[in-house]
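After this come two complexes, each holding chain A, first together with chain B and then together with chain C.
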Partner chain A sequence: MAEPAKKQEQEVKMTDEGLEVGASRLTEDKIEKVINQVLKAETGARLKTYVDTCVHCGLCSEACHFYMSNDKDPKWSPVGKVKQTIWEMINKKGKVTPEFIKRASEIASTECNLCRRCLQFCPFGIDIAYLIATVRRICHKLGVTPRYIQDTAHSHSVTMNQMWVKGDEWPDTLQWQEEEARGEFPGLRIPLEKEGADVMYSVIAPEPKFQAQLIYQAAAIMNVAGVDWTMPADMGWDNSDMAMFTGDNEIMGRVKRAHFETAARLRVKRIVMGECGHAFRSVYDTGNRWLGWSRPAIPIVHAIDFYYELLRDNKIPIKEKFKDPVTLHDPCNVIRGGGLMEKSRFVANALCETVVEMHPNREYNYCCAAGGGVINCGPPYKLKRVKGNRVKAEQLMDARARGAKVIISPCHNCHSGLKDIKNYYDIHMDIKFFGDIIYKIMEKPE
Partner chain B sequence: MHDIYSFVSGPLAWVAFIAFFAGIMYRLIDMIVQVIKKEPFIFTYMSLKYSLRSIIHWITPFGTLNWRRNPILTIVTFAFHISLILSPIFLLSHVTLWDEAWNISWWTLPDGVADIMALIVIAGSLFFLIRRLTQREVKFVTSTSDYVILAIVAAPFVTGFLAYHQFFGYPIFVILHILAGEIMLVAIPFTRLSHMIFSLFTRAYMGSEFGVIRKSKDY
Partner chain C sequence: MADQNKWDWEIKEKKVPIGEWKEHFEWVEEPYASPDGEKVAAVVNIGEGEFNVCINGETWENPFEKIWYVRFSPDGRLTALVSDTGEWTVAVDGVPWENKFGYVWNTMFGPNGKNIAVAAQQDGEYCMVLNGEPWEEKFQNMTYFAMSQDGTKTAAAVQVEGFGEGEIHKFQQGCFTAAMDGQAWDNRFVNVWNMAISPDNTKLAAEVRVNLYDYTIAVNGVPWEKTFGCVWQPIFNPKSGSVIAPVRVSGKWTLAENGKFLWDGRFFQVWHQMFSPNGEKLAAIVAPKYGRWTVAVNGQPWTATFSDMVTDMVFSQDSSRIAALAKEGEQWKVVADGSVWSNVFDMAWKPAISSNNKYVAAKVEKKGKYTIAVNDRIWSKECEAAWDPIFNSNGDKILLRTVENGQYVRRVLPVTEITG
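Up next, the complex of A and B:
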């Protein structure tokens, strides 16, 4: 396999105001107080047992795409990142410098995707992602979080969506997409606020903001498949959650509550969500726990699972299968985090003539390096992120060498992350959602 | 010499065994109390089936992806841990001591086998030492305590081997052997050697989370 070509991009050291200004406001007293407060009040046997049990064996290292892509430099290994952050905080009983906190925040927010692959490699199942998330929590409480992602958390707090979508922008966008789609599908509706519908469809805020055609496509699929569905007209329509990744659990809780309560208000049977990984983690696994529900209060169905049902029951008439050979990216949050690997393959095979497997695949797939909020930390970290995932580039090039022309990635973050990787390493492949392919090949009215 | 021997094999042995068992109980109870107090949700997700699925895969040589990726390490790790646990329990001269003191005895290993097992533990310790010194990712996270722990584990086997073969200074090595064994017993609950107890629980919890919620493999 050829070494992926690397574009000569100058590494410009960009400063991150979120970290700089945040750290400049810190005093050592405050740091000590906050660290110990989080360690005492918010953590317990789990953290202690993980820290005491880790035998410093390094066996988690090769799980991590950052470590593998940075020539196995140990400071990128999962346990190496833990050593540079939470171990220090614990050993020094919180007596660390503002400079240390700045670096810890950068490591925790931009050098780990919380993808949980290392959990599968550690003989003891030590939850490195949890340890790193605890570091983010501490940094959040100290006000030292990368600026770009902090801005999205602010947006969540103010608007209950990630992208500062204002009150009327949302229903306007839906109506606009409905009108557009009616040109192609006469009689199509995007039913707003329909109480008692089977399905509430929720999306992430970048869809109405930049990718309204995804809402168009979803409406087309719902329409053709005859699904009894609805979308909320008010707050609660956004299922995304960057607060979960900044360690701002309080806002995470508010956002998730709004989402579940909206579904409850509409008395829907279940929530179907678009093709997004982190949002699934938030609604299915993390946010619900913060709110005290061991399982989501209302059943959550990821788009992969939903398309699987529709295709299995022949609800979507297909004109002809997608011709170009595809390869399947397994987003950590829905595959390693939700077990949808076989359903994803069922959908891919139902839609496409040829599916070429990437290696490793299924729950062992390498993360895209965008997830866990890393891509949301913005341009200062982009180069580090794409360089930190050379193994993904190699994986893609290998799939391409075996014929794959299109990458299917049922996750928004993965999409953006893989796009950056393919541009940087010059890999000529298209990236699509399942929804793009379904829309393209389904039977439409003449 | 005899007095020292009686002391280390008598009262000190008592102290060591009590510290070992009481220490383990203390660490376990402390962990469980902490979970009940602060993270009771953990119980909600525990599943016997997936705990066992995870534990069984990880205690099977080559039973997990990471064991398969590191064949030499896997063989050494398993040989090391099996020898480390079995040989002291089933060593003839240890069982004889139990028999003399308490009138209880059980099956024993042939001496030749036990001897090889001691060598395996010593060789394994050397392997881990070299790994710590040479593998960058291990060295980076290694602290002094890791070497101390390794020495604590190797010491009873080195001294035991020397004592058994009665090379030189037999009585000294017997005493050192008993002391080393006692230090190891006491160290288990209070150092990272506690992975002997906690690994079962961390594995069970991760296995349950992966099985119940994430519906994927953690091995």
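Up next, the complex of A and C:
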């Protein structure tokens, strides 16, 4: 396997106000009370079963990119992270120190992506991501959460989107993109608030904030494919959810309620979401359930699934296939979480002349190390994040050695995480969304 | 409400050939029908960067660079959000408000249509605008807009303290409050969300978060003494003036009144609570079991429950009946007083109950065609578009607004023509 180059960077320890200030306000009494409250009132048979069942076999270890990339140091293994956090809290019946909580929060929020790869290898099916998410919930209740992701959760709480996009900025951006796109697609519309459309298209807030071309591309695809679609003009348009990853379940529920009730208000048959993985987890699994919906109240269709339908039904005329060999990254939340691995390959093969498989792949693919809110914890943890995913770099280098020039990553967080990895390890590959490729190769008006 | 008795309930059919419009314009957007059914309108493109509104075949006198959110007010006036030379305002029957703004959105109407409000941004500051007049006070940000029941007052959650990117602890000290007619409360909160104005316009109640974990309802800025794990939008009791809101306690939901538990029952979810017109009954959409939804009246859930969603609950005028929509899988159902219609639909819209209580009607869709169903009987016509049906004041006639074969049709039928 090819060895990636490594930049010799000095790790500079940066302080995190979210952890430092939060921990400085704690007392041991408060910690004990909160831990036991969460364990008693919010966890049940699931947590007890996991804790009682684990036989410390360590089979989860080699599933974890952090462990593999940190020279198999046991403290980075999934079970090692559990031992350093929730087990200690349970064993000591909540009697732990503020310093312990600060470290537990850092481990839970920045050293585990909740990607559930370890779950694939546990002989008992223990979901370590659930255990780590419980640690995040406890740390949230204690007010000890990394600053940058906490700020994002605050944005969700005020605006129902993750990037402080204000009420006027959203429709204004859509109208600007619509106007731009009409230069290329005469008569194109981004239909706002069109009640009774088949599809509500939802995105994450970075798109209107600094990736507006993705909205342009989606509008072009909808237009060419003749989809009856709409976008809401009011709150509920953003499907993302960092509150889910800070353990602020109440804000998660509020954000998801806005999303589903907006779709219901617009009387759409289904919600089609852009190429985002964590948002899929929130709308398809976690957020809906917190509200009492055992399944999404309005069906959710991830972009991979939607493109699969459009290509299968020949709704997108293709001028010629994408020529550069591509490799396909399998994002955890839509592949392990949503089972879209074969549809993703159908789309890739329909669009591209050559698809080079990464190894391992599908539900065994290595995580990007950005997901689960880790990249959202910001600059203090960037170096740890990229150094903690050397195995991903090796995986990419291997695909590159077999001819791949482009990585397709149908997830925003994976996209950003892979970009950091390729830059750090000097891997000369381009990264694209499926939407980028469809837009590039589809037939457009002359 | 606009006086429906003044509407034409005699002429059986009136038509507007909207299909022809596309011959006169570059493109025609989706149509909207007036409440009385006499007018139908759509945004039309008349050239590059030039739009107008076509209403019954006639365009407004002046075009605009951009037009969106065409909506009829309850009194039949046509409003739209319009832009020229980079400024936005509201045009009513083609006449723009004198005041212009950086952006306007979220049009709201008072019940009789006389009052029209929007949210506005000007030079990075935010306020509500009522009938063209902005609040005197402006705010750094503004969300969750509300209008009083008579349409004369507007309110919103407003940001009154600035904070920079990543200033999480300043944020947690409380930078938000609520404002009515621009007058902000003195108290500040971590968050302020959905709100309601009392029927006498003297009180404003809102969902608030007092720190990252404790939620309650604040009335005129004063939070309830008790806090909860979460709360949803409050409403006012029309008779007593008390405030009722869903609250979450120990992982379950119930209703609270002025901070004290009102319902004994605990549910997996409670929201969209609503008083009957006479104020005697209090109903809400609830989940009595995880993943099962229904309506509860005065705390008692209907026996029938549904897997996906219950929505669009409505009381009859005399408060005796309730109808709602339910969704199971891909099927939408109409439920009246707990009884489910046998017909199922690909989509359904908010039900209407006739004033004589004999009929429940709803716009419904099957296989891409729209029609009207009354008392579980489906009207024979399949339409390209339809709007919500409206009963006359006697409850014996129904006003249907549809698009059939490219023609907009306003039709008045005896209800028995559908029910048989």
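Rule of thumb we're sticking to: the second predicted complex is superposed on the first by the 446 of 446 C-alpha atoms of A that agree within 3 Å, B and C clash if a C-alpha of one lies under 4 Å from a C-alpha of the other, contacts with A are read in each partner's own complex, and residues count from 1 in each chain.
One rule holds for everything that comes next: contacts are C-beta pairs under 8 Å (C-beta built on N, C-alpha and C of every residue); 3 or more make two chains touch, one makes a residue touch a chain.
Model, not experiment: these values are computed from the prediction.
Using the contact criterion defined above for the overlaid structures, shared-chain residue A:119 touches chain B, although it does not reach chain C.
In the superposition on chain A, A:359 contacts neither chain B nor chain C.
Once chain A of one complex is fitted onto chain A of the other, the partner contacts of A:336 are limited to chain B, with no touch recorded for chain C.
Once chain A of one complex is fitted onto chain A of the other, the partner contacts of A:74 are limited to chain B, with no touch recorded for chain C.
Contacts of A:294 after superposition: both chain B and chain C are touched. In the superposition on chain A, A:48 makes contact with chain B only, while chain C stays out of contact range. By the touch criterion defined above, A:150 reaches chain C but does not reach chain B. Note: residues 294 of chain A belong to the chain B contact set and to the chain C contact set alike, using the contact criterion stated above. Taken together, the chain A residues at the contact with chain B in this complex read 43-46, 48-50, 52-59, 61-63, 67, 72-75, 77, 79-80, 83, 119-121, 123-127, 284-285, 289, 294, 335-341, 362-364. On the chain B side of its complex with chain A, the touching residues are 30-32, 34-35, 37-39, 41-42, 44-45, 54, 58, 65-66, 69-70, 73, 135-143, 146, 192, 194-195, 198-199, 201-203, 205-207, 210, 213-219.
Those residues of chain A whose C-beta lies close enough to touch chain C in the complex are 17-18, 21, 41-42, 140-141, 143, 147-148, 150-151, 154, 157-159, 166-168, 171-172, 175, 179, 187, 189, 191-194, 196, 233-235, 248, 250, 253-254, 257, 264, 267, 269, 291-295, 297-299. Chain C makes touch with chain A in their complex at residues 26-27, 29-30, 45, 49, 66, 68-69, 102-103, 105-106, 119, 121, 126, 141-143, 159, 165-169, 171, 176, 190-191, 193, 209, 212-213, 215, 229-230, 248, 250-251, 268-269, 271, 287, 290-291, 293, 307-309, 311, 327, 330, 346-347, 349, 365.
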